[in-house]
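Both complexes shown next keep chain A, but they swap its partner, so chain B is in the first and chain C is in the second.
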Partner chain A sequence: MSLWVDKYRPKDLSKLDYHKEQAENLKKLTHKGDFPHLLIYGPSGAGKKTRIMCILKDLYGSGVERLRMEQLNFTTPSKKKLEIMTVSSNYHIEINPSDVGMYDRIVVMDLIKNVAQTQQLDVNGQREFKIIVLTDVDNLTRDAQHALRRTMEKYIANCRLILCANSTSRLTPAIRSRCLGIRVAAPTVPEICCILQTICKKEGLTIRSEFAQKIAEKSNRNLRRAILMCEACKVEQYPFAPNQNIAEPDWLMFIRAMARKISHEQSVNTLASVRGDLYELIIHGIPNNIIFQTMVSELVKNCDISLKAEIISQAALFEHRLQHGNKAIFHFEAFVAKFMCLYKRFLEDAVADVF
Partner chain B sequence: MKRSNKWIAFDVDTEVAMKSKEPAAASFTNVDTPKNHLRLSNSCSSINLIEKLKPKTVDTLAVHPKKVKEVSDWLERNVIKRQARVPVLVLTGPTGAGKTATLDVVCRSLNINVREWINPVDKEVDERFYQAQSVCFLEFFSLAKYNSLCDQVGGHQVALVEDFPNFAINNPTEFVNVFERCLGHLPVVFICTDASSSKLDLLQTLFPQEMREKYRIEIISFNPISATLMKSALKRAQSFVQKKSDLFHIPTAEVIEAVVISAMGDIRCAMNQFAFACLKGVGSIPLEANTTIPKKRKRGEKTAIIKSMERDETLGFFHALGRVLNPKRDESSQLFKIQCDFESLIDQFSTQPSNFNAFLQENYLKYFGDLGDVQLASDILSSAQLFLANWNERHEIMLYSLWVGVLGLMVHNRHKLSRWNQIRGPTKLKTITNTSGENFEMGAMDHFYYNKITNSDKFHVFKLRN
Partner chain C sequence: MESFLKSGKLGSSTTKVDKSSHANNETSKKKRSVPWIEKYRPRTVSDIVEQNEAVQVLEQCIAGADLPNLLFYGPPGTGKTSTVLAAARQLFGDMYKDRILELNASDERGIQVIRDKVKTFAQLTASAVRHDGKPCPPFKIIILDEADSLTNAAQAALRRTMEKESKTTRFCLICNYVSRIIEPLTSRCTKFQFKPLDESKILERLQHIAKEESLQIDSDVLNALVKTSGGDMRRATTSLQSCSTLKGKDTTISMQDVYEITGVVPEQWIKNYLQACKSNDYSKLEVFIETFILEAYTASQILKQMNEFIVNTDEFNDKQKAIIGEKLGTVSYRLQDGGSEYIQLLDLGCAIMIEYSKT
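Up next, the complex of A and B:
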């Protein structure tokens, strides 16, 4: 069984539901001889990956749809074995280098070298280059980015890179200037509603526009999540009731509970237990910036305006550190401790005012 | 061999006497020793005694038998059978762990001649002709492969470098060049004593990791001698001394115990102290004079006497961690003064600043009694980690972030909780990646819906706790 998200993913540039003008431009780009390195960025669930697959199909034909999963092995100079999953066809390979954490530099360098040193065997192949798709490039370490910069230029004859990121802010200017940047904005709520209704129609279901609207709003303009939500609702109860509960992700509830715990009691012990929660979130792959954002917006909910301002400024400080440093837990914990102190003082002042 | 007899004639230090006994001693020294002994034994018998106390056979070594086995295995493999092409061995360990003694004794038992390089200190300088030290060093290696006329015929040879030439310490890169050129002549054994400071750590500066891999340098590291092994060594020494009770004071059992404790695993220190006790009767004098004084006091006195010769304390990783997490303040003054030698503390962690910071972060919460303190400390740790992440080009700079972290934690811990806590290692953050194959595209944030749609629990479910 395949999920609706995969089943109804547009396979061709001309079949995309929104950003039609951009799709036109992409089509023109693929038909020109000199295809540049691409940097595709935008919020998650906006359709970056869909567009990449469409571009690949436009370049190479339907051959790119025959995908195979492979596990590649790399060895670091210190003899540590790394394993990483790749998805590849005859024409392209897709990899997420940040899966191996701090060793991403080796993966990036070795992979590009390997791919670039082999020419396309297929004489009739329309293109003389192969494509390497790197996802999650905003999590690449500085080292890996420097390595990438060099290899990008060196092997441009045999391979092109398509980088996929959420934001360009963590990429070095050197990388950004070597790619053609393409921003994929998140779909608007009406666009999501429209897509949900088409999918339901194809599935033979009826969905009222108010309910579609509700899902779209709850999805935070994340199309993938909207479709998943819709399918989850269908599994839960069909026909849809207009006031049906739309389940929110468990990690969201988890962060909310954590925020409640922080506001409830400010002590060293709470901090220790919050650390445990944070570790759980990080280990299970919830991105750091999402954790931070959700946590802060939950925390400031029951603060008065002056405190709110102070907390936001502190949050900005630690978020900045988080972006520039490694080991997120240090910065999370420092922020939570700071919040606890500020909030505790605020509460004490409030009590003092009453008497 | 550049050892001249002047060395011994001038200096009656025990150190020299130990060296002169080494089997490497060339023919010159052998000829001269009787004269020396005669002279020295007239004035004082210390040299003789320490000589006599030295281990002669493998059984009498105080080193752990497994280490001895490792060394003798290496010698057998590489010196007698010559299996490796460029056999190089490095022995490391703290002072007085028996590195040299082990090599000597094992070589003697295997009938191997040791050629030792000694820095030519008192060589008469020829005005017209001056040789660079590195040239001498090279020459030593090329000449050392020839048997001495006085040695047994057909014996195997091994070169020993314990006294590193000055050029090696001043200029490690030059040492590497010379090292490459002197390989191949002979199996070489280097002895590097552990140093408390990272700058003096010869093992790190002269034999970095890539070099060890390139030349397949084997490293055997010695541990400090354990108390039981040291006690049995001292017992042997005691029985030797007892045979000649007319010459020596016999140290009491208490003195021996104090020697074992104060030596802290340094067998050379222990033997020297034992010899002094024999010659001067250190422990026995106060015992005879003040028999009425309570026992505790006597013991205190004795250790105080011996303490003046105690070794420098080196901190282990965890010990130092405890120092930082549990800072000792000067209680007497009003100022918050922390009693600690920060320099040595930082030096202790300098090899792995990042790891140490992670250890601190994992454990600091349990030692803090106040939220305000925690906030300041966590802020400091977060900045230290930021520096570590961004200033990692040079090691010296990484040390600054270590300073920030260590001082920050110690200064801000004003409401210390003193209780026993288990030290935990930093949490391993291996992000669980989806390697199952299908649903490759899906991010961790959407796993919840996958679970819901397929009504399974393939992915992790965050459980809400109250």
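Up next, the complex of A and C:
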């Protein structure tokens, strides 16, 4: 018994539910001899991974579904030992280089060289190359991206890369120009509705179209989240009531409450209590950028337009610094303090204007 | 050995291919899928388009003159690596492999490597005759590709080596930004700037490739490809190849495909962005940016296109343009540095919004 997300994941390019034309093109691509490096990008829950697995299956047949976990070891020049988990089949290896932080360059270089130097010894001999899937490439360090450049060209004879990223902004143009970019846009709300209904039908459940619509809108066009929400709703109460409460992620509500606290009272005491909340969020492993983004959009909601612009420009500054520093809490607090300062001054000015 | 390893099913299929060698084009192509940038890399120095100064110096050198240490710099895809490789091939002929040490950012390049590998290679003497008795220049070339990613310590270690071994070794540094090379190194080299290629030159080359590969492509579409490349030959060539691989040989490549592959944001989105800014309504801007990100367009690309738009527009006066331009610069830097697309685009949007409300 697996989650619906995994159970109903399309396994074949022709079975994909949306972006049909793109799937068609991908299919053509896999049937040709020369397969380029791919860069697949799109927001989370848009189906990047699903597409990668479909492409692999189309290239190598069902053999790619026999996965095994392996731990690889690397040694840095300074004799530090690194360990990284990989998922691989006979034909491909999947790795997330940013797991090892700043040492990702070594992983990228060694791995590609290793894979590229072993020729494919397959009886069928259908493909001459293996595939390396690198996930989360937008978190690669600049060094690792530099290292990729030439390696990608040099070993093209027996290995191909599939890069998977949320956005290509952080990739150097050099990498982008060496790959065939595949844009995977998030599914639209009607598409999500349609998928939810098919899944429910297969599960033998009935779902009203209004309810599916509601879930789809709540999911923020994230298909994975939509399916998970739908399943959670089913566990909670079945048959679905049209006004049934759709559980939102609790961190979202938590941040919302925090934002309300901040705009309610601007004082050192609030700042101290917000610090506790922020720690809570960080401890629970909510990614920094999500905390920041949600916080900003919640805080800005009840501000005047002129204030908004100023806050956003401060937010952009602190968000950028957050990427550089390694203690997120400082930057969060700095932003909250700045916000309080701006907000309070604005309120005072407004009051002064009245009199 | 190779044929032994690939015995079994494949063996029989290759013999079949040999028998009907030309008929089965598809399979033979599979055997050596060379990317077009490698396939159409210039073979001789005279094949190189533009970059006159560098070509002249190298041609003189091939004719027998001495070669200085070289420093090539310029934007990507202007032929820096191609030039030096072509020159080396002409200079050394089949001894090419022994006379060249190519190091790039994907090789380990700390100070240790400079000390060991480069030094030992530099200290080898080279004879002035080829194996077949023909004369050839009595030096070796060390190519340091992507030299701007060398550490400062490694660059410093190069300084003395470069002078001491000048009898037997020439260095060729290749980089995008000359400012990242330390001064003592640049003063030891002859600098050549590689300029972005002229659009007509790229178009000519693309037409040549399209003919060789027998692609079905309109000249309009080729023009669009050239425009999006921005003087980068490699980018233009790879985009062309990507288009043809994605669409297949028998279908014509349309404008839409070019935009999709090069990642250009459709004009409509830029208009919408400005519309949202113009409306002076923050929530509209927010909604726009959310959908923009969900559609997975690239933020850095829209910045580039916005820049072009802002420079040419009449809606703002020069001062406003300067303010927006500065914001664009900051935002683009932050994005490259890992900033979140959502917040940075909002920031830019707000800045433009303020400027709009001033007009």
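Going forward, the second predicted complex is superposed on the first by the 301 of 355 C-alpha atoms of A that agree within 3 Å, B and C clash if a C-alpha of one lies under 4 Å from a C-alpha of the other, contacts with A are read in each partner's own complex, and residues count from 1 in each chain.
The criterion applied here is as follows: a contact is a pair of C-beta atoms (placed from the backbone, for glycine too) under 8 Å apart; a residue touches a chain by one contact, two chains touch by 3 or more.
Treat the numbers as computed from the prediction; the structure is a model and nothing was measured.
Contact with both chain B and chain C is seen for A:His324 once the two complexes are overlaid on the shared chain.
Look at A:Ala337: by the touch rule set out above, it reaches chain B but stays clear of chain C. Legend: residue contacts after superposition of the two complexes on their common chain; A:Arg150 is shown touching chain C, with no touch to chain B. Of the two partner chains placed by superposition, only chain B is touched by A:Ser267; chain C is not. When the two complexes are overlaid on their common chain A, residue A:Arg178 makes contact with chain C while staying clear of chain B. Look at A:Cys164: by the touch rule set out above, it reaches neither chain B nor chain C. In the superposed pair of complexes, A:Leu134 makes contact with neither chain B nor chain C.
Touch criterion not met for A:Leu278: it reaches neither chain B nor chain C. Of the two partner chains placed around the shared chain by superposition, neither chain B nor chain C is touched by A:Leu299. Taken together, the two structures place residues 324 of chain A in contact with chain B in one case and with chain C in the other.
On the chain B side of its complex with chain A, the touching residues are 358, 361, 365-366, 368-372, 374-375, 378-379, 381-383, 385-386, 388-390, 427, 429-435, 437, 439-446, 448-450, 452-455, 460-462, 464-465. Here chain A touches chain B in the complex through residues 1, 3, 5-6, 44, 49, 69, 71, 83, 85, 87, 99, 101, 224-225, 228-229, 231-232, 235-236, 247, 249-251, 253-254, 257, 266-268, 271-272, 275, 279-287, 290, 318, 321, 324-327, 329-331, 333-334, 337-338, 340-341, 344, going by the rule given at the top. Of all residues in chain A, only 25, 28-29, 32-36, 41-43, 46, 77, 109, 119, 121, 123-125, 128, 143, 146-151, 153-154, 156, 167-170, 173-174, 176-178, 180-181, 183-186, 220-221, 289, 292-293, 296-297, 300, 305, 308-309, 312-313, 315-316, 319-320, 323-324 touch chain C in the complex they form.
Within the complex formed with chain A, the chain C residues making contact are 5-6, 8-10, 26-27, 29-31, 33, 35, 38, 76-77, 104-106, 108, 110, 112, 145-146, 149, 232, 234-235, 238, 241-242, 245-248, 260-261, 263, 280, 282, 286, 293-300, 331, 334-344, 346-347, 350-351, 353-354.
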